[in-house]
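What follows is a structure written as structure tokens; I'll ask about it next.
The letters A, B, C and D name the chains in turn, as written, and every chain counts its residues from 1.
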Amino acid sequence: MKTWHVTGPGIESLRLAEVDVPIPGWGEVLVRVDAVSLNYRDQLLIANDGYARFGLPFTPCSDMAGSIEAVGQGVSRFAVGDRVINNFNGGWIDGNPPRRDGEIASFGGPLPGTLTEYMALPAEWLVKAPSSWSDAQASTLPCTGLTAWMSLIEIGRLMPGQTVVVQGTGGFSLFALELARRVGAEVIVTTTSATKAERAYALGATHVVDRNDGSKWAEQVKAITKGRGADHILEVAGGRNLESSVAALAPGGHISLVGVIESFDSTFPSVPAIHSFATIQAIYVGHRAGLERLVRAVDTCGLSPTIDSEFDFAEFPHALARLQQGPFGKVVVRR
Amino acid sequence: MKTWHVTGPGIESLRLAEVDVPIPGWGEVLVRVDAVSLNYRDQLLIANDGYARFGLPFTPCSDMAGSIEAVGQGVSRFAVGDRVINNFNGGWIDGNPPRRDGEIASFGGPLPGTLTEYMALPAEWLVKAPSSWSDAQASTLPCTGLTAWMSLIEIGRLMPGQTVVVQGTGGFSLFALELARRVGAEVIVTTTSATKAERAYALGATHVVDRNDGSKWAEQVKAITKGRGADHILEVAGGRNLESSVAALAPGGHISLVGVIESFDSTFPSVPAIHSFATIQAIYVGHRAGLERLVRAVDTCGLSPTIDSEFDFAEFPHALARLQQGPFGKVVVRR
Amino acid sequence: MKTWHVTGPGIESLRLAEVDVPIPGWGEVLVRVDAVSLNYRDQLLIANDGYARFGLPFTPCSDMAGSIEAVGQGVSRFAVGDRVINNFNGGWIDGNPPRRDGEIASFGGPLPGTLTEYMALPAEWLVKAPSSWSDAQASTLPCTGLTAWMSLIEIGRLMPGQTVVVQGTGGFSLFALELARRVGAEVIVTTTSATKAERAYALGATHVVDRNDGSKWAEQVKAITKGRGADHILEVAGGRNLESSVAALAPGGHISLVGVIESFDSTFPSVPAIHSFATIQAIYVGHRAGLERLVRAVDTCGLSPTIDSEFDFAEFPHALARLQQGPFGKVVVRR
Amino acid sequence: MKTWHVTGPGIESLRLAEVDVPIPGWGEVLVRVDAVSLNYRDQLLIANDGYARFGLPFTPCSDMAGSIEAVGQGVSRFAVGDRVINNFNGGWIDGNPPRRDGEIASFGGPLPGTLTEYMALPAEWLVKAPSSWSDAQASTLPCTGLTAWMSLIEIGRLMPGQTVVVQGTGGFSLFALELARRVGAEVIVTTTSATKAERAYALGATHVVDRNDGSKWAEQVKAITKGRGADHILEVAGGRNLESSVAALAPGGHISLVGVIESFDSTFPSVPAIHSFATIQAIYVGHRAGLERLVRAVDTCGLSPTIDSEFDFAEFPHALARLQQGPFGKVVVRR
């Protein structure tokens, strides 16, 4: 079977390799991978030689939708033909975040990634795909979908009538936009592009604000909310952008820190945070129980993720290039 | 001004009296009452001489939408002309349920009721009415609206994709139906009437089940949810109906006990409740902070309460008679 | 090896049988059972032929402390010699209560019980025993200990200064007493025996009330708490005793329903429950993560369970007889 | 009566002034101030001319224990002679943090401070003092006590067996130490002084670690907890110390950000925070309901705050000087 290998730093180190199809062990299933969606983290790790610490060559990517090809001993959870997606934090079933060691690990490092034709995986690490979504759509759930779901719904307890800020128009922010609108929240989108602003309105954004001029977006959020501030802010940038997020927050509001686009260090002013009882909640995707509930929500509510573009399996480098351009939604690689 | 008085047991004891317009004291406002919605509790107290313990004659009813006519000393919360609704638990601002004594009391007993032309009330007990709703609509929020909101949203933490059961098609159950659908839940309605079943589907019900034959509705809920059961059940009947609610519940599910239509005693089998970690949460409307968030949700989401019928102020006895017939939605008395 | 078998209804159907030592499969370990503590449920199932539906002969009991004798393939969680206890709900790792089917089941029915010399069990269903406790003490944790822990700490969020009611002086109630005192709560114990009252005071009870005369204990709780009521009540009786529990509850209080000593049906008055926002939370022990945290608390805090009496493995029928007499604390069977 | 006035920047601007005793208005009481405890914030505002924005001269300090001297109209909450303490966030009764405007404000800026002989205050802003504590002890509750209580108990949900880190040995950290030990947690104290380390052990600290060499204390916390990290960290420094707090945190752990001793800007590395699902919760004292529960806990549990030193009312500048030296516990000014 074919598999993508990272062999060193940079996009030019990618190789399409030929390897044996794995054989599922006790408690495992063989999955045919049908679609893989890309995440900012994949690009970051490739650019910075981040996979080297897991041992090269390394198969990248963390999201997958596929179908069960064979079932190992001791598996009753799935049958051949079932459509499945992976739980990014393999082995985290439910409840409190576990230690990231022996029992729990994440796909695409330290666990091998999903950009391959077949995987042998513990049945416990998979959930059924939504019946109403295509493979490409379903592949956006394990990271992007579940991160938005945990941030807004399971941890954030978003209520109808609250105000959410999403930053930019990547796949995560657009899925969060859709989810928040679906449960009755107002959503303010920050962007630097007039074209993307229009498209965000078309997807249901209540307001779009310009973040070209630094920290000014926080003032705009304050103005839109009549001085109150936003109840939930999905922070994908980090760095000093967190300062604006704190400034834009309502009393008792919630910042979900999910990304590091701007910087690996995050900085914020303590006094305004303290005065507003700010919660800064760092979130690393979620657990299998949350993913199962998200799948149920997808099938019940008719959600529909925004897919920017799809690429053939062999075209992965082009998909990565597209991701670097700042897509409007998710970039997916299909078999 | 005119006010309705209960002077003894039964609907025939009602009198339309003439009394002085009250004068707002320190911290109070004078409210012109524009609409009052009826609740099952009003009917129950009138039928059973329930107001006698508060001292007769007594003004009934608990819900009100009106406007500020005058402002007393020390009030900065409202200005003349503001449209307002009352917080049923006068004095309960936020947080944990208080003791029902000195500081907290409920409208329509022990506090005087709302079925009158003017009231002098502490400004702290009122919130702004939704700007997008009429007075009649707004008058359904203090009891019906807030009870559904607390049950499903603030306490129940309803998530998209979950399953809710609402019992019957009174004003409370229909508002809960609308609210639960708005946040992406499936809703199963129980009813004994084919006509009402059709109307419930028209309002968005996912399923309607027949509760004519006793406890069978629980089996239908189990069948619809493929054996899983419902995540939230809004129990308005009590008595042995609670047994069916426990039987219909999903593991970790939530029963909100809000009504006593069937009996003042509630009975349920302990073992099934224990096996499913059932939560039976009794709910007596809610706090002012919840009501403010509900008003925000109403204006953001475009919710629309189902009003069965409206009556003139002088026709209150006819409104009560209509309530006894089992209306489809709320019965409102307008000035 | 020796194992106890229930072969029909009643204590006289118990047989001490000889069976093969099991061999651990993939992911399993072989545990030598060193101590088993008895629960009211064991006695109830034996008396009422309750094991018949699981297939006779059936090994009873649900609690166990032991040590790892051998380790099967794929096990990294334990090593030979580790002292362990079982998680009553085998397979429930953390988070929301699961469906009781394929993946999750409880020891002592439907899973085979612990009253045997060796068991082959999935390593995932076990946790390390507290290092500071004996086997007999540790065997009280899986049911009694974890039920009290989930009720008061993980779900009940007991705070210092709150008031707890525990009913009677069985092993569960006494462990709850100790735990609640340890975190700074006041504890009121109900009992019918003057001797047990004295012993309860010796264990730290703040107050002991007499429950000989029916529902009067609720009035005593109200009097002790100056009219406020108790914040947490651990309901072990059910039936109409729940009515007293509701009457004795503070606003926003929490009743943990964990037992059925008085009746399988529980009944309470709806209106007082509603007025006080009562939460009736049914609890069926707990998850492995909770058990792990409880073990950590045991080792940190120096808790010490009350053991009424210990019996040899061969004397199980005498242990059962002691349980029926109403012991003061736990009854344990030791190898 | 006498009152302390800040008239400009610095300790040398303090004046002991003579003003009229205030007269309580509607809903107010007259309180004789018997003890005032100092907080780091007082010193910071005095040093940095921080009171100027509230209008000079300004009475400093935020904590107070006193007794009711007279009761205004409309007050039923207290009677003359009641011993009381103030709720720092005047007007915040319970529930979610409010906006800091009209209705809610904090003592010692923007509300006038407590360092005066008499205050006329809304009865709603006060709670009864613990009956078991002296005035000096009770005066430590409004800021220090309630901040520790909200951080660890009401928001942090500290459980027995968890590990807490407190930074330094000021009044806040020592009260948090005592409270956390009282509910069965392990407590690690960071300090730079060997003498204070000994005294911290004497107060019950499980471990004391040296924070002289920068970020190394996080490694020591990791070592003590066998790699797991601490469940709760009370961050009083801010700045880059937050980086160490994130490094020392267990998965799903909780950092309560309550102070700005090191810097007004806080910085932390995003990736480790995300990997461990860190919650950084900024906390600005708390609400009246929390303070009432804390008083109940104090009287139930026999807590005892560490008081470093007491000064006469006229010696306030000396008390401030003592605060600047780094006291071991609270500094109190008594009438």
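Methods note: contacts are C-beta pairs under 8 Å (C-beta built on N, C-alpha and C of every residue); 3 or more make two chains touch, one makes a residue touch a chain.
As the structure is a computational prediction, the values presented were derived from the model and not from experiment.
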Comparing A-D with B-D, the busier interface by C-beta pairs is A-D
Since subunit C and subunit D share one sequence, what rotation angle in degrees maps the C-alpha trace of one onto the other, as a multiple of 5? 180
Between subunit A and subunit D, centroid-to-centroid distance (C-alpha), Å: 40
Subunit D residues touching 2+ other chains are 96
Flag every residue of subunit A that touches subunit C in the complex, lowest number first. 26-27, 73-74, 76-77, 93-96, 102-103, 287, 289
Contact footprint of subunit A on subunit D as seen in their complex: 96-100, 227-228, 238, 251-252, 257-260, 263-271, 273-284
What residues of subunit B sit close enough to touch subunit A in their complex? 153-154, 157, 159-162, 179, 182-186, 293-301
